[in-house]
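Please go over the structures that come below.
Paired with chain B in one complex and with chain C in the other, chain A is shared by the two complexes that follow.
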Partner chain A sequence: MEIVYLLEQIVNGLVLGGYYLLLAMGLSLIFSVGGIVNLSHGAFYALGAYLSLEVIKYAGFGASLFITPVLVGLIGIAFERFLLRRFYTADPILSLLVTFGLAMVAEQALRMIWGSAPLPSGMPPQFKGNVMLGEFMFSKYRLFILAVVICVMGGIWLLLHKTSFGRVVRAGIQKPDMVAVLGIRLQPYMVTVVVLGVASAALGGVLFGPIAIVHPAMGTEIMTVAFVVVVIGGLGSFWGVVLAAFLVGVVRGVTTHFAPAASEASMYILMFLVLMLRPRGLLGERIERFE
Partner chain B sequence: MTKILNPHHRPLWVGAICLVLLPFCMQGIGLTLDVATVVVILAIAAMGLNLLVGYTGLVSFGHSAWFGIGGYAAALAQLHWFKDQIVLPFAFSLLFTATLALVVGYLILRRRGVYFSLLTLALCALTFAISFRWTSLTGGEGGLGGIERGSLGPIDLNSHLNYYILTAVIGFAVLWFLLRIVRSPFGHVLVAIRENQQRATFQGYDIDRYKLLAFVLSATITGLAGALVVFLHRLAAAESTTVAFSGELLAMVVIGGMHNFLGPALGALFFLLFRELFSMYTNNWLLYFGLVFVGFIIFSAQDLRGFAAARVSSAPTRGRNGP
Partner chain C sequence: MDEKRSPKTVHSPDVQRRKWLKTGTILAGGAALAHPMLAMAQTGPIRVGHLTPMTGFLGALGEYAVQGIKMAVEEINAAGGLLGRQVDLISEDSVNPQTAASKAQRMIERDKVEFLMGEISSASALTIAQVAARNKTLFMSIGARSDTLRGKDCNRYTFHVDIPVTVMVNAAGEALAREGYVKGKKIYTLTSDYVFGHDLSKAAKAFFARNNGTVIGEEVVPTDLTDFSAQLIKIRQARPDLIATNLGGNQVTNFVKQYAEFGMKFPVAGFNLNTADAWAAGEDNLGGIWPTVWHHEIKTPGTQAFVQKFTKKYNRIPENHAWIEYVSMMMLAQAIRETKSVDTERIIKYFESEAQFDILKLRKGYFRSWDHQLMQEAYPFTVKPKGQAKHKLDFLLFGEAVPGATEPLEKLAPPRSENLCKM
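Take a look at the complex of A and B:
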């Protein structure tokens, strides 16, 4: 029975990992392509969760799954156009500061519009209940989340590795100068990368609204975790981020079971351990401009 | 007299005049003496941070960790070992923060640039997780209460004025100490590291050791400020270790001006005045402060970019056109 319980915790950890992955992938892409450390990424996640509450009222959960990421993606275009674009050639530290300020503004704005109290968010009725797989019992909704995350990540992988768009983006991560010499402007690609990144963060907000609590500081809370995932996984590597997200998720899931108080501390310790052994993260590549 | 007013010592006498005038100005605009004390404490913390950010070029996103650790160390020392004393808890707090910063700095200074910032961010989040969750040691959410200021010889520190004077004297000592540091050969090596780490290495400086020492000094000074705030509020709280507070400290440094010796102190004053005056009218003062901060970085990025550009352009291997 103990083993069964542990396995359940591992599956819950995988779901948690999927949730981190939705944020960390966008963060890692924006970071690798544009050299921007987007500390306001969590704000888009929180915005997704809040907007979803409104959209669900009028259109239901299924529609919110598509509409909310699109809405946040549109905001992402403005974000790229008016803010990020100024900082591509500047020191990464400046973008770190400016997006931190933006996260502060966004959190306060959420507080002003929806109030500081946590808002209840109902689980969509069709996903209530559990599924029994042999001896294991899993929440239907969590399995649904895992499936969505796998689909989204599959899509991003195909986009990055099987299309000409992805080839340019991957080249841009490694050798932006060389891409420029070949006569390709990276800027239009960056808009798409930012939109993809913030839309998947918003999707995370939509999916996790029903099982997490929707409150103004939710973005800040998830932010540091997402960065831990990116740092453990290593920059510029798709599989590194995937591996790190699930690793962090499982480590947290299992420590929540054995030592609940240490579940947050565990991932930071994991990060320090990884960085001691592999300074560029698990599968990270050497990228000159971030050294 | 002319010797003291020598322009060479200007930051010192400007600082001294401000420390004397501050309580009167605060009370003049209807704020309490404790607000003046907090301004001085935050100024100490911000100047400690600036030794790392402005002078060494290492942007720490986790200095609230040191602020909190210094505070908790002083609080725990007083509660468990030195009942009702103030000097020994301070001494313990300084020693403890410095030792811990030495170990942590050794580990996280292996990485530079953005990675260093992210590591300090994680350090800060880790400290918050510990201080918030390890209830038996840190009191968790409620914090550690029951701290006594006690007295220093015949001076009773429970009076607001006496505690301000103590803080101001410590603040002035920190000012003098930091001025000596940044004008010493050591301080100039730090600036050389900021401008171009590679060239500093070629000059034969053991940059790792210089950065580590700068990190330890910076953390210890910020920890000292944390201990002062614990005795001011008679409470060590987990709020002082949040990432948000780290960002606020950085905002003070950036807004005040990281390349000016007294800039961070000015930033601390600005931050507190902004908070106190705006929170009278609106609960959302952080929104406006955030907007000011973002606007400041966007529109005066040229100044900030000064050192950033120098660092990028002087290392041809790292040059890039960006997207």
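Take a look at the complex of A and C:
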């Protein structure tokens, strides 16, 4: 019986991992390609959740899954064009500061527009409830989220590994100088990378709005976990982030089972261990710029 | 100004200027000039330092709190102030217990406030109460509910307005027991890991023990936990008859939403749920029985007038934290008017005389002299049957006031034998 419970927590952890993955993947891509630690990434997640509530009013939940990430992606274009672009070659501390400031501005802007009280947000009734598989209980909605995450990640993987766009981006992560010598400018690629990153964060907001609370600080709350995942996974590696996201989810689930008080601390302990034993992360690539 | 914005510091413009002037003066002239300024304070505005969380998991409640107290101050000032002096409210985000304490100290020393008010977080209220006692400044702890604050950690300079944890547990607990949720049942509790959560848990366990319920398990969760799926799975495995939550702030909202998401069928109740958090959970997700200190449907002219004014001013229905800040300011105003002074000792004497205050409820409230907590009515609430809500926020069904009209107001509060308060 005990083992079934444990398995249940592991499976739940995997679902939770999918949630982290939506944010961490974009964060990792933007950092790997542009060298920018985007501290405002959580703001796009929050924006996604808020915009989604507006879109749902007019077009329904299904439409919001597509429309909201597109809207936030458009904002992402402006974000890259007018802000990030100025910092690719600058001292990293500058982009760190500017995105940190932007995160605060964004949070207060949400507070100004929608108020600081959490907004009621629900899911379509057909998603409510659970699916029992023998002794296993799954939330229907979370299974749906997991399916969406797998589709999105599959899409990003194909884009990175099966297209010429992806080849340039991956080469850019590894050897930007070499790419430049070949006469390829990385900058135009960054727009797409940023749009992909912030749109998937927004999708995270759309998906998690219904089961979390939609409130102005939600972006800040999620950032810590997203960073932990990126650090554990290692930079520049698609599978590293995926592995780390699921690992963090599972470790949290398992510690909740055995030592509930340590469940929040568990991911930091995991990060500590990984950094001690393997400073570049589980599957992190050796990146010249950061060595 | 758009009232939806919640500036970190709320000042009227000329007061702001005065503060700058003052800061400049201190910088330029040093301590020698501070003396004339002290003398000036007797004729200038009455400064009230107000600290409450405006960010974090209590931030949404803090916004209501600021709006409530601002409305009270504006009304007082519009009617000519107190003793011919205007009230100047300095309202700031208390952030966390450490920041709250240092801000309180600064307000006393540099801003020369006569009174400290506010708080929702029990942890921050405790540190402010300590600062107040050290500086012999009156502190009205308005929205913090922990029992220890008015028990073991009570002090002469702090008065407590909100209902304590014991009252919340008793108010909701008696309704639960009546419905047969407690006697002979297996109960699983979920507790926020800070002073308030632990206080709730202690009172809840005592209540269940008295009423023959068995607590079969407890999950203690950090205050920043937002995903309860792992806990939900664990609770389901234990198969309790009732899930009782001792959670603070918007954690309750998160929990009930995810509980509804998983479609679990064990009844959920709890001993803390602010109206704003109940609204945020939404009609479809909420169930169970909960306690509250006030609600906007109380049928007294006072409450109805307050709700109308608040709704007109801020374009939303007031939550219990808006009401409690409003009446707290009004109680202080009454004390200042009656004693014709802003002297801390005289105000304490007045409060300790168990003077009656109109707190917009059926019965008046008073501060119990030996532990400084406001004796007042509380209300259990639940959710209206489906289809009865007239609008999106209209799904809560409020019960009759407890204690009943014929019972003493002290009935649900911890008696002297159980309260460790020694002043």
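What we mean here is this: the second predicted complex is superposed on the first by the 284 of 291 C-alpha atoms of A that agree within 3 Å, B and C clash if a C-alpha of one lies under 4 Å from a C-alpha of the other, contacts with A are read in each partner's own complex, and residues count from 1 in each chain.
Assume a contact is a pair of C-beta atoms (placed from the backbone, for glycine too) under 8 Å apart; a residue touches a chain by one contact, two chains touch by 3 or more.
Computed from a predicted structure; not experimentally measured.
> Just from the overlay, do chain B and chain C fit on chain A, or is there a clash?
With chain A as the common anchor, chain B and chain C collide in the superposed model.
> Check the residue A:His215 against both partner chains and state whether it touches chain B (first), chain C (second), both, or neither.
So A:His215 only meets chain C here.
> Who does A:Arg111 touch here: chain B (first), chain C (second), both, or neither?
both
> Where does A:Arg167 make contact in the superposed view: on chain B (first), on chain C (second), on both, or on neither?
In the superposition, A:Arg167 touches no partner, neither chain B nor chain C.
> Who touches more of chain A, chain B or chain C?
The partner that reaches more residues of chain A in the superposed model: B.
> Touch test for A:Pro92: chain B only (first), chain C only (second), both, or neither?
first
> So, does A:Arg81 touch the first partner chain B, the second partner chain C, both, or neither?
A:Arg81 sits against neither chain B nor chain C.
> If you stack the two complexes on chain A, which partner ends up touching A:Gly34: first (chain B), second (chain C), both, or neither?
A:Gly34: touches chain B, not chain C.
> Kindly classify A:Ala261 by the partners it touches after superposition: chain B alone (first), chain C alone (second), both, or neither?
So A:Ala261 meets both chain B and chain C here.
> Of the partners chain B and chain C, which touch A:Met271 in the superposed model: first, second, both, neither?
Only chain B is touched by A:Met271; chain C is not.
> When the complexes are fitted on the C-alpha atoms of A, one of 81-89, 279-287, 297-305 or 315-323 in chain B overlaps chain C. Which is it?
That would be 279-287, the only stretch with clashing C-alpha atoms.
> Shared contact residues on chain A, chain B side and chain C side combined as an intersection?
Looking at chain A, the two contact sets intersect at 111-112, 261, 264.
> Could you list, by residue number, the parts of chain A that touch chain C in their complex?
5, 8-9, 12-13, 15-16, 19, 111-112, 115-123, 125, 127-130, 137, 139-142, 210-213, 215-217, 221, 252-253, 256-257, 260-261, 263-264
> Quick check: in the complex, which residue numbers of chain B touch chain A?
Against chain A, chain B makes touches at 59, 61, 107, 110-115, 117-119, 121-123, 125-126, 129-130, 133-135, 243-244, 247, 250-251, 254, 284, 286-287, 289-291, 293-294, 297-298, 301, 304-305, 308-309, 311-312, 317-323.
> Show which residues of chain A lie in contact with chain B when the two form their complex.
31, 33-35, 37, 83, 86, 88-94, 96-98, 100-102, 104-105, 107-109, 111-112, 172, 176-177, 180, 185-187, 189-190, 220, 223-224, 227-228, 230-231, 261-262, 264-265, 268-269, 271-272, 275-276, 279, 288-291
> Please output the residues of chain C touching chain A within their complex, sorted ascending.
Listed in rising order, the residues of chain C that touch chain A are 2, 4-6, 54-56, 59-60, 62-64, 193, 219-222, 224-227, 229-231, 233-234, 236-237, 250, 253-254, 257-258, 260-264, 276-277, 279-282, 284-285, 316, 392.
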